[in-house]
């Protein structure tokens, strides 16, 4: 049996090190870790009873704010809260039951349509479902 | 000790798989060594890169979602939250481009060395088929992140397919799964990219490698040297050296230039200015843009498409058309044709990215 | 005449009808179209005119007989010709102030423009005999009039500053009326012009939104604030509750205008508050006064917050340049920007506690952003270190392979 030459040992060793260096990221990639939902198609916006009638809650939907409104009659509506004028965040105004943008006085009704002010287009509306205790908001279509 | 175990395992398998014929063949295999044999490495590099694509592709499959509501978000998650996701994805995207570049080099080097001549015509044909398959891989894969660039590049590409004469609109609907780029398209491209094309490519690669192994490496016409080195392990070690260097290149490029996530595709947004397909399609795309609307009475676009199809057919059949090379004679005519084609591709690709008003 | 001849006559007669129509030319257009420049201009322009689109033509405003070929016969009894400058408002008002008439063309159009005009400075001076003021045609054009909804119209929102500026930016013209002529330039240097011209935000105010349209009159100091409140209500409400309101009313300073200017409204940076040169506060508050100290305080608060926000942004940019995905964190930074704007707005109310509270919330969010940013930078470092490790391993493998290849070559030799 020939003595293994230095080169062979060197080769084998460096190859092993390289394989390990490549295997490490792959293994860490495959192992599951806790991460936030990949799809932003639907989000649990609030719990049942969390929002009083004629009040609203702003929550994160995808990468932008959205508003969940509980109307005075108890109906739940969800819309995008990004004003279509200059992207300020709108807020719910209880005494007029409208969504109001404090930046330049833009006003939307609860179907998202522009009532007054500079916004050029309506707010996007979302689907609302109640599943047990959770109020789930999802994109339409 | 390790060597004893290794030998015992080999003996066990050999008694059952009957390797001996294969290993005798392998030991006898040689590769010519001469001043042009550097180009022999590009086939092996291509295979290595395909291997990387298969491995990273399978890993990406673990976290990717092929739906228009989740595709972009899943890529975002892979890039920012999955451990080493940024690396796997960047390797996959970068290697795709490097692979197609290497394939072009491999194709042109075999062309200029006239490796396509008898008896290697089928190697050339399967090789050209592989180039087409990998460009299809690139086209289908590009849509999967569902970002702005991919959405519009796919639209542009499908529109061009739609202008093929007679079967154009049928072809476009077949490609898109409908009249426009929708969920149907994404599902269809995903199906192509992870099932249909891999099976087809593996089959054709199998044939291609079988032919290369059976016929050995082609020696360029007029090369007198008869020096040969054994394939196993000498040539393979040299191959591996190339692979190692390519890995370093890929690593550096992925750490310093990770692939971008981009903006999520919005079908209602207007087409961004200067939208173009991936670089390896740009020579055809720019030709279409530069050609005047009408030449004599024929529509310019139609002429280009027919020209490209005719050119492709010519290129495919070169082994049968180059009679001189088949007789082992120098054929400068085809060398000039090859130079023209290569120059054309390079010049038009460069024009696409340098000339502002196209 | 037998039956055949009668039939032929009828046929020829019918064939002749189109030629009869041909004969019904609009002689105004036909004649003026053959003249040059000044007299031809109306014909050229009228092709685009909105009145023409409603089926109106020369005769409907100027009278005359368009069927007559002869120039004198065309200018018959009903011919009014071009009205004198001082009579133009009434000329246009002949239709546009008549609700019944306008109803048949566009029932939703207002019919009070003439009334408004008479209340405007232009209208009043015209009545007093000064014809060097704007009349309808100066803003709307003469024969190529387009509606204000049409982007090329002289009355479309982003064309209005230019239209008003034709006179109001002319130093010589304005000198006669003793009015400054720098308003257009000032406006163009301000935020509203940037919004209107660059962002193409049609809701941004042009001259008419603040001064009035047909009833244009420079607003008094007391009413400027009311005009601004139309779009900036929260600033107005805060101001009304602040100690400044009473003080401004006492010295009769223009709300909003005293600090922000009227035409040259520059972006309200932190420099507007405080005690440095160019700040609005020191226009009234002298050094050593309570107001002066408060101004300095506020400025410090806002400056610090803004600097920290910018630093956080730079941190994220560095991480992004190094290849790390930070878009989620950038989203959080946007929240901080909103807080900053909210805090700046609160300065109108001068309630320092509220401002401090808002800034404190922002600082909390900033802390999160900075933590995420540092994590991103650490990730970038980790990647570079990993690359070095992998490259060293690969380099060693490459070296080993090279040695093996060399050894094989030597063996063969």
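Each chain gets a letter, A, B and C, in the order it is written, and its residues are counted from 1.
To be clear about the criterion, a contact is a pair of C-beta atoms (placed from the backbone, for glycine too) under 8 Å apart; a residue touches a chain by one contact, two chains touch by 3 or more.
From a predicted model like this one, the values you see are computed outputs, not experimental measurements.
> Closest chain to the protein CA centroid?
The most central chain, going by mean C-alpha position, is A.
> Select, from A-C and A-B, the pair of chains that is joined by more C-beta pairs in contact.
Ranking A-C and A-B by C-beta contacts puts A-C first.
> Hey, how far is the Cα centre of chain B from the one of chain C, in Å?
52
> Could you give the separation in Å between the centres of chain A and chain C, each centre being the mean of its C-alpha atoms?
Measuring from centre to centre gives 34 Å for this pair.
> Between chain A and chain B, what's the gap in Å when you average each chain's C-alpha atoms?
37
> Listing for chain C: what residues touch at least two other chains?
Each of 327-328, 386, 390, 394, 397, 401, 404 in chain C touches at least two other chains.
> At least two other chains touched by the same residue of chain A: list those residues.
25
> Where in chain B do residues touch at least two different other chains?
If we look for residues of chain B contacting two or more partner chains, we find 87.
> Could you list, by residue number, the parts of chain C that touch chain B in their complex?
These residues of chain C touch chain B: 323-328, 383-384, 386-387, 390-391, 394-395, 397-398, 401-402, 404-405, 408, 412.
> What residues of chain B sit close enough to touch chain C in their complex?
76, 79-80, 86-87, 229, 233-234, 237-238, 240-241, 244-245, 247-248, 251-252, 255-258, 261
> In the complex, go through chain A and note every residue touching chain B.
1, 25-26, 28-31, 33, 35-36, 38-41, 62, 139
> Help me check something: in the complex, which residues belonging to chain C touch chain A?
These residues of chain C touch chain A: 201-204, 230-234, 327-328, 331, 338, 386, 389-390, 393-394, 396-397, 399-401, 403-404, 407.
> Which residues of chain A touch chain C once you look at their complex with the stated criterion?
5, 7-8, 10-11, 13-15, 17-18, 21-22, 25, 63-64, 85-86, 88-89, 102, 104-105, 117-120
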